[in-house]
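One chain, chain A, links the two complexes that follow: it is found with chain B in the first and with chain C in the second.
The block that comes next holds the complex of A and B.
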């Protein structure tokens, strides 16, 4: 066994960006089957879908929805940063984009939260 | 009374452990000075590797308080936490003894990524003119200063996860040669760096770029290789 790195070696902005992108991506992937299941209720008719939508209209679901929006915006901005690194002939780790990604998803989260409480 | 440093040093091979030493704290002391003090004054059996002591040879790279770095250019004042230092051999490489790693894997991968220059001209030909301000020359310039210390390789999680991955240094070298207009092995090189163990394995965690003591950006070079593969397919002509 060779020695491997621990969290001290990984504690820098670009690694945190990798983790944010990966974890948000996995969480969104886990949500997708639930999303399709919910949409699939429409096959059973309007009543089934409306029934589920009514059931989902409670604080816990709204909070989860807020989480989804934050994860989506975070995942998108981290992805844009990667695309810039991959496709533009720039050097560096685009740390400004990491800050931007966190700021953007925070702002999105706050905007969505405001829309929820109106 | 002089101040002292509490230094934990990895002893043994892969099976081993940290041993504590007390080392007097001195002004402008580097981490390499600390190791040398232990070897000369406390325990002669401690194995470590260094040569130039001024950041030119790259042989004294080790893991200092969890991060890979050159010990010769690292002042104790930059890294000591509450008077404590933890010194270990580089990660991702087999350990020969104590702080010395076996670098063969690392350099073999440079060769596997076709890191050798091969030109078409002989000494009887004219010099090829390379414009210093050409895009390719500047891209080659950005990565050419690598001295092969292995800090990026040791910092890369992808190397830990899949041991056949070429790693940032070999790919950075390949990228400088891709941008060398005199080199004749573009297609072979792209074949060598494509595939699962090549540039496509990079997760853009950026640890190589973050830790490179020469401030090079292997992450950018690896992205460059990926772009190059769009125009020079590995199986292409």
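The block that comes next holds the complex of A and C.
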């Protein structure tokens, strides 16, 4: 089968790094206004903030929260990789950094998960 | 200003805000992992943040960084993946900038000063 340039360009660790960075960024961008709105409940007092926290204290929300923590650490590590490539005298695609980014976000996810279940 | 020049400047804004945000995110991750132990409560959060100008300054910088960083990324995605152009693209950028700025600073005010 003849492979197109597109599939070769995409069947690559750096493309997956791009995709992880972009999708995590989009998810975080959509979550951020909701996060700020929820914390903004504090303006109405502790009871209002507690009301939201109690509403969010259910498995689905906790899982989403955990996912966002993983995505946040992943997005940061993918971004730092780009900054290093662009601003430091480094060459290449830094595949080790991509592996490190996944590892770091999983480790953060485990630490957060353990803290979550006490 | 030409379109290319605007894009060049936005590229720098996104990178410089990313440098600030990377530091903020590391601190935020550590604070979150510490804070969620034993469950979250409004009283616990506010006891930590209320009147703390250190937390206030930190989160204000975090919000400003997000307000600069997020709209550029979202607009790039909208343009590259969804073919959004011109006025719609500017509208998305403005919506995210002001949405994050207003809701974010309101949240900071809520947990620090109210």
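The rule we apply is simple: the second predicted complex is superposed on the first by the 109 of 118 C-alpha atoms of A that agree within 3 Å, B and C clash if a C-alpha of one lies under 4 Å from a C-alpha of the other, contacts with A are read in each partner's own complex, and residues count from 1 in each chain.
The rule we apply is simple: contacts are C-beta pairs under 8 Å (C-beta built on N, C-alpha and C of every residue); 3 or more make two chains touch, one makes a residue touch a chain.
None of these values were measured; they are calculated from a predicted model.
Judged by the touch definition given at the top, the superposed model places A:76 against chain C, while chain B stays out of reach.
Of the two partner chains, chain B is the only one that A:90 touches; chain C does not reach it. Contacts of A:31 after superposition on the shared chain: neither chain B nor chain C is touched. Legend: residue contacts after superposition of the two complexes on their common chain; A:6 is shown touching chain B, with no touch to chain C. Comparing chain B with chain C, more residues of chain A are touched by C.
Residues 82, 86-87 of chain A lie at the contact with chain B in one complex and at the contact with chain C in the other.
Considering their complex, residues 1-10, 12-15, 17-18, 82, 85-87, 89-93 of chain A touch chain B.
By the touch criterion stated above, chain A contacts chain C in their complex at residues 22, 25-26, 28-29, 32-33, 35-43, 45-50, 53, 57, 69, 72-73, 76, 79-80, 82-83, 86-87, 108, 111-112, 115-116, 118.
Residues of chain B that touch chain A in their complex: 10, 14, 63, 65-68, 88-95, 135, 139, 142, 154-155, 157, 160, 203-207, 209-211, 217, 219-220, 223-224, 226-227.
Across the complex, chain A is touched by residues 15, 18-19, 21-22, 25-26, 28-29, 32-34, 36-43, 45-46, 63, 66, 70, 73-74, 77, 96, 99-100, 103-104, 106-107, 109-111, 114 of chain C.
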